[in-house]
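Could you have a look at this structure, given as structure tokens, before my questions?
Going in written order, the chains are labelled A, B, C, D and E, and every chain counts its residues from 1.
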Amino acid sequence: MTATAMAPSLAETVTRRFAARRRMAFAIPAAIIAYLVYAAISFDVAGLVNRARFDNAAILLSDFWSHKTHVTRDNRNGKLTVAIEGEAKGTYPEGMLPDWVSVAGGVTTIDLGQGHVVTYDDAGARYVVPGYGTIDIREVDGRPVLTAPEPLPSWINAAENRIAVTTPAGRFNYTRSKVETFRYQAGWELWFFTLDSPFYGKSPGELAGLALWGDRIAADRSNLGYMLSEFWNNRMWRHGDVAWAIFETILMAFLGTMTAALVALPLSFLAARNFMPLGIFRAAARRVFDFIRGVDGLIWTIILSRAFGPGPMTGAIAIAITDTGSFGKMFSEALENIDEKQVEGVRSTGANAVQRARFGVIPQIMPVFLAQVLYYLESNTRSATVIGAIVGGGIGLLLTQAILTQKDWEEVAYYMVLIILMVMLMDSLSGWLRRKLIKGS
Amino acid sequence: MVDIAFGPEKGQRPDLADNREAYLDMVRRKRMYGGILMVLFVAIMASGWWLADSRNAGGFWNGLSQLFDFPAEVLSEAWAKRANLPHLFWDHVPALIETLNIAAVATLIGTVAAMALSLLATRGLARWPRMIPVFRRIMDMLRAIPEIVIALVLIFILGGGPVPAVIAIALHTGGALGKLFSEVAENADLKPVEGLQSVGANWSQRMWLGVIPQVAPNWLSYALLRFEINVRASAILGFVGEGGIGHDLKLAMQWGQGRYDEVVAIFLLLFLAIVAIDRISDHYRHKLVKGH
Amino acid sequence: QDITGFNIGILGGENAQDRLTNNECFRAYAEETLGVPVKLFAPADYDGVIQGLLGGTIDMAWLGPSAYAKVYLTDPEAVDVALVKTNLDGTFTYYSIGFARADSGIKSMDDMKGKVMSFNDPNSASGYLIPRVELPQQGYSIEPGEFFADVKFTGGHEQTIVAVANGTVDAGVTWADGQGNWEDGYNSGALRKASDAGLVDMNDLVEIWRSKPIPEGPIVLRRALPEEVKAKMIDLTMGLIEKDKECAYNIAAGETAGFSKIDHSFYETIVEVRRQQDGT
Amino acid sequence: MLDVVAVTKLFGQKAAVDNISFSVDRPAFVGIIGRSGAGKSTFLRMMNRLTDATSGEIRVDGRDVLALKGAEARAWQSQCAMIFQQFNLVPRMDVASNVLHGILNRRSTLQTMFNLWPRADILRALEILDRLGISEQAPKRAEALSGGQQQRVAIARALMQDPKIILADEPIASLDPMNAQVVMDTLRRINLEDGRMVIANLHTLDTARRYCDRVIGMRDGRIVFDGTPDMLSTNVAREIYGADESFNEAATSTSIPTDTTADRAYADALLS
Amino acid sequence: MLDVVAVTKLFGQKAAVDNISFSVDRPAFVGIIGRSGAGKSTFLRMMNRLTDATSGEIRVDGRDVLALKGAEARAWQSQCAMIFQQFNLVPRMDVASNVLHGILNRRSTLQTMFNLWPRADILRALEILDRLGISEQAPKRAEALSGGQQQRVAIARALMQDPKIILADEPIASLDPMNAQVVMDTLRRINLEDGRMVIANLHTLDTARRYCDRVIGMRDGRIVFDGTPDMLSTNVAREIYGADESFNEAATSTSIPTDTTADRAYADALLS
């Protein structure tokens, strides 16, 4: 029982093994790192760092949860417009102004908060920045002339025809044609009612009061109905259209998945070794499944677009086709793994092929079948979002287009939240159904 | 031979009528529920298709006859210009490699993230047990956002190129694999972990030495499957966003007539790549899960 | 024969919701005129509408000249050219306008050497086809890496404008009627719409290139439609400027003198240009 | 009644059943014994037409059932019930449905697809279950039952077929002694009361001795013994099991202990 | 040396360990006996800091180990080895690696994750394995070993820790009598030769009598006996096991048969 009794060769074997393992422990990460370095070079990550626009990221992030209000004066005709996000549908109607903008005579005063005040008057415009001083712009010979405490800080950008000031309180732009002030505020403005709605700016209590016992605002319908319709048809956010888009997306996923399951179930028997003894047919069925899976839903969408035109049905058929391939493969694998005893038991009573399938096979593959179908239903909700962007339907179209136009980031945020909720909902729904259907019954 | 098969005396036997009624009742109930479910399902499917059809620009039956118009158009042109195909193939190989690289890098990064997330979100293994719901929700969110959304947003920030696609796919992969990984880890045997804990091993040592060796084959198999899925995702992202062979395919496809030979070449390249990867990964996955 | 419905396609490349909103008034008029349900479709890209017209699922659309050329080249029997939008001065041409950020120092196409150029969509005339032909003729090769450092596709006019304004690319091309003031984004066109929508400040951009005049894209009707339907839709569209000026402004993407009749011969040149570009 | 004439089954080169012939002229309880691989299962499976024979005839009331094809073969299967060692029920379906599978061949495919059995059929299934003492189990899933109960469900399915002949392939091999006895008693009773022929593959000599009117011994696919149970001497057993001098009958006995009073009491309690 | 003062562990309302106190002043072999659920495992797990105590102190050389946190607690764990009933090895790793896990706490995380064990450590692991007579198994996977061998690997891991105290939670409960004896002998030998304290939970009285210097009996979380093995009368056993008059000591005995000469010879051969 001493160390010397130990065979020296054993110590050697073991230490050599450890050395080998150590080499592996380095070789694998080294290989991965080498690959990642190659990828980084081929993806031009270095160049990317230069190209990346983190100011864009800042805009995007702040836009996600805030909105800006444009206060614009046209320098040619002196007309003042106050518009949320600068959009026509967010423009304050005549005679209505946010409480931080006031107009007296020809002078417009904009209180940006924290002591920042902008004034437009006939001579030009002035911006008082606390702790700095007054930025004064006057139009001389049709050209803006700037007077401000020297030296000019970097947040004032003065060019020949244009003066831009950016402070934490807001942004200010002066050009020959117009002067604009942007105030950023948290929240998704006008989410419930647009400015032209009679319900705009009311507190929840007031709204409840109006809905329940207030006098009718419109003679021909109840306040509650009016309110709901004003909300549903909100021109800025279009809740009705968005809801329809979400529904359309789910519809595509549901129809596609269920149809694929119903089609693939009988076809999968053709591809299962124990049900299709003829090798040629089996191989043919498998190749067909592989083919339609390999082509991918997106390509099917494009092929089908010619025949069926844009719309949700095209998307649903595309999903159905692709998933027929996936289900066909999975079901036929499940069929090959079934317990033959049950089939034999049914067969021994003289049941024909259809009956054997119905009683010997279906009860066995039902759990796999349901689990897969429900799993795909959930994941197809996501795919339908993308397919919708191609076939022109659903929330996917709204979202991708909103992103591509790169301005309504709050809408992007809204759609994204809805999509996440939708997918999570489908996820828990399919999980719930899976538990109910597979454990129960 | 005693009559045991037939149970005790008549009087002591449970009432036949009761069992019979109970069963008949069950059959009736099952038939009713089954019937209702069936009718409901058929009704939903029928009205769903009807609705989709009516919302579609073209109707189903009209379209059916034209189903092969487009493929015929593409294939006939490609056939006429088949001499170009080998050359076109070659032209698009770099784009294919880019697509595959995007998928591979995203799968690598996503898998690493999924490993960490899944361990942090698994009961019994979590580093901070109270944070389990947080990590689970994070995975749910990562899974819920379609890759395309993240990619398009990132293109805005990072400019074009493959990196937004990599990040987008990696994030999604992290969420999707994280869930699967955590299901595997949940079934891992905790005894080795406890053994390591008793010698004073810290959390990373416990996970690395006690859990990872147990779950590695299954995790690897899932990661391979994910790679397969990510190759498609990467191609699709190219189609909708930019970069890789998907983008080439979209441009050729949008131009349409005159470049259908290119469409066919790119499509075949992509299709063959996907089928090949599919096959290889299928093979290794079966090996991994069966043989250990 | 009678029709049971009428589908109008709207070319892609802009915010889908805005596209649908801008055309909603026209849809309502069409429904009133035809007495059948009228639906609007806004697929994500040009090809969606083109495929719809070819497949017979879309009955009417306002195409770009290049998109029309594609339809015509694929199937000359598919659609009829019906109308064209006229500018305020009675012409119906527009321009492909190259533009860059004012602060980038780029003043003309010559300054674009080694910079990133962007196009819209392969099916856009002003946003791709015309510059693709004219730029090389003027000595600016569009092969990536030759004159420009890179050449990209943004996917649509609006995207190009935003990409240039954000500096994602150095310059882009889009369409405008070339009348009125640059500050306003001219009288009509993608720049005008973007400026109206508050998407860009025209002062931030400069024009660096302008193509030869391009014929305005036609409004086409599917040839297989009943003559009566075609006539009704042509009348409706032509009369729109009198009937509802705002609606005409919305669908014409800016100030317009209305729509006038036109035929295929007007587009033969561009079809020819596109035919030559095929396969390259 | 039953004439087996020169039946042979080859698997590749190997004869699993090698030219066997015998006749049975009344609805007897026939036991087939033999060691593993002797060809017992193969013979029963051929008779039920689950496996095709290589050559030979099995004449039942003069008709060669091996020559039947398609629907006719299935019709024969419906008259010749089979009971399996592993029960071969559909575990996820309820007991009564499993019993109803016995008449699949006699009802239209469409009708059966949706489980729309006529009320009369259901009542008959319940009656049979009642006769076998497991009618309370009718609504349960088959997989929820014990092995012995499952085998009785399988017998109920066989009875539902109203067969002339019941084939039982080691019906008690996966059961404990108590359940084994219940199942064998049931089979014997059906044989006696209903006058249905039962052919059972049995693993053990003592079971064969106790229940059979006639015992057939097989070895390597051939019949090496054919006679009444009391002709089964130790020597004969050695011949059948191919064992040498050291053969001890107890080695093959896995079944019901001789003193069964306790078991019976327990069984009665269970069934009451 | 070891002072346990009023240690309590509540699971919800229930006290698994209820205010127990005892001291041990020399490196003795302490056995804890008691029936299932008495709180034996819970106590050892608290001592090793696998479970947090609800209240109380366990002072080892004057320091309260229950009060240690984070890295300090892990450092304590590395001085206080634990042996489990189910061995708790990493089954897919080789035996030598499993033994090396004993010093995980003393090497850097990165070093251990990349398998960068110093050669000296590896040699020491092999030496320990050799001492326990299983050095030939060093390159094999732990899962390929028999239960007794696995438990000896677990002991080797414990020795690798070079601990002051070895805790063993029913170390022989999943072993056959022969292996059980080898394992208990090994533990006792370590106790005597190295002077390490061993605290072992034991299921059976006879094992406790045979190996322990001191026996603590627990019942329902409380200490109901504390003394030398020869004080363990049948009455005391009844008290510990909460059994009534019919208590028969043999009922708790699952271990080594009384005639152990053969086993011992074998065990000695193995251990030599």
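One rule holds for everything that comes next: contacts are C-beta pairs under 8 Å (C-beta built on N, C-alpha and C of every residue); 3 or more make two chains touch, one makes a residue touch a chain.
Please read these numbers as outputs of a predicted model, since none were measured by experiment.
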> Which chains, if any, touch subunit A and subunit D both?
Replying inline: B
> Going only through chains that touch each other, what is the minimum step count from subunit A to subunit C?
Replying inline: 1
> How many steps does it take, at the fewest, to get from subunit C to subunit E if each step moves to a chain that touches the one before?
Replying inline: 2
> Given a C-alpha superposition of subunit D onto subunit E, how large is the rotation in degrees, taken in steps of 5?
Replying inline: 175
> Where is the C-beta contact count highest, in terms of which two chains?
Replying inline: A-B
> When the mean CA coordinate of each chain is compared with the mean CA coordinate of the whole protein, which chain is closest?
Replying inline: B
> subunit B to subunit D: how many Å between their CA centres?
Replying inline: 47
>> Based only on mean CA positions, could you tell me how far subunit D sits from subunit E in angstrom?
In response: 56
> When the C-alpha atoms of subunit C and subunit D are each averaged to a single point, how far apart are the two points in Å?
Replying inline: 81
> So which bits of subunit A are touching at least two other chains?
Replying inline: 53, 56, 302, 305-311, 389-390, 400, 404, 406
>> Give me the residue numbers in subunit B that touch at least two other chains, ranges are fine.
In response: 55-58, 63, 66, 69-70, 156, 159, 253
>> Where in subunit E do residues touch two or more of the other chains?
In response: 113
> Which two-chain combinations touch?
Replying inline: A-B, A-C, A-D, A-E, B-C, B-D, B-E
>> Going by the contact rule set out above, which residues of subunit D touch subunit B in the complex?
In response: 94, 96, 114-117, 119, 122-123, 126-127, 130-133, 135-136, 138-139, 152, 181-182, 185-186, 188-189, 264, 267-268, 271-272
> Once bound in the complex, which stretches of subunit B touch subunit E?
Replying inline: 189, 191-192, 194-202, 204-205, 208-210, 213-214
>> Looking at the complex, which residues from subunit A come into contact with subunit D?
In response: 341-342, 344-352, 354-355, 358-360, 363-364, 366
> Which of the residues in subunit B come into contact with subunit C in the complex?
Replying inline: 55-58, 62-63, 66, 69-70, 73, 81, 156, 159-160, 242, 251, 253-259, 261
> Considering the complex alone, what residue numbers of subunit C touch subunit A?
Replying inline: 7, 9, 14-17, 20, 41-44, 47-48, 51-52, 54-55, 57-58, 103, 155-156, 158-159, 162, 166-168, 183, 196-199, 201, 203
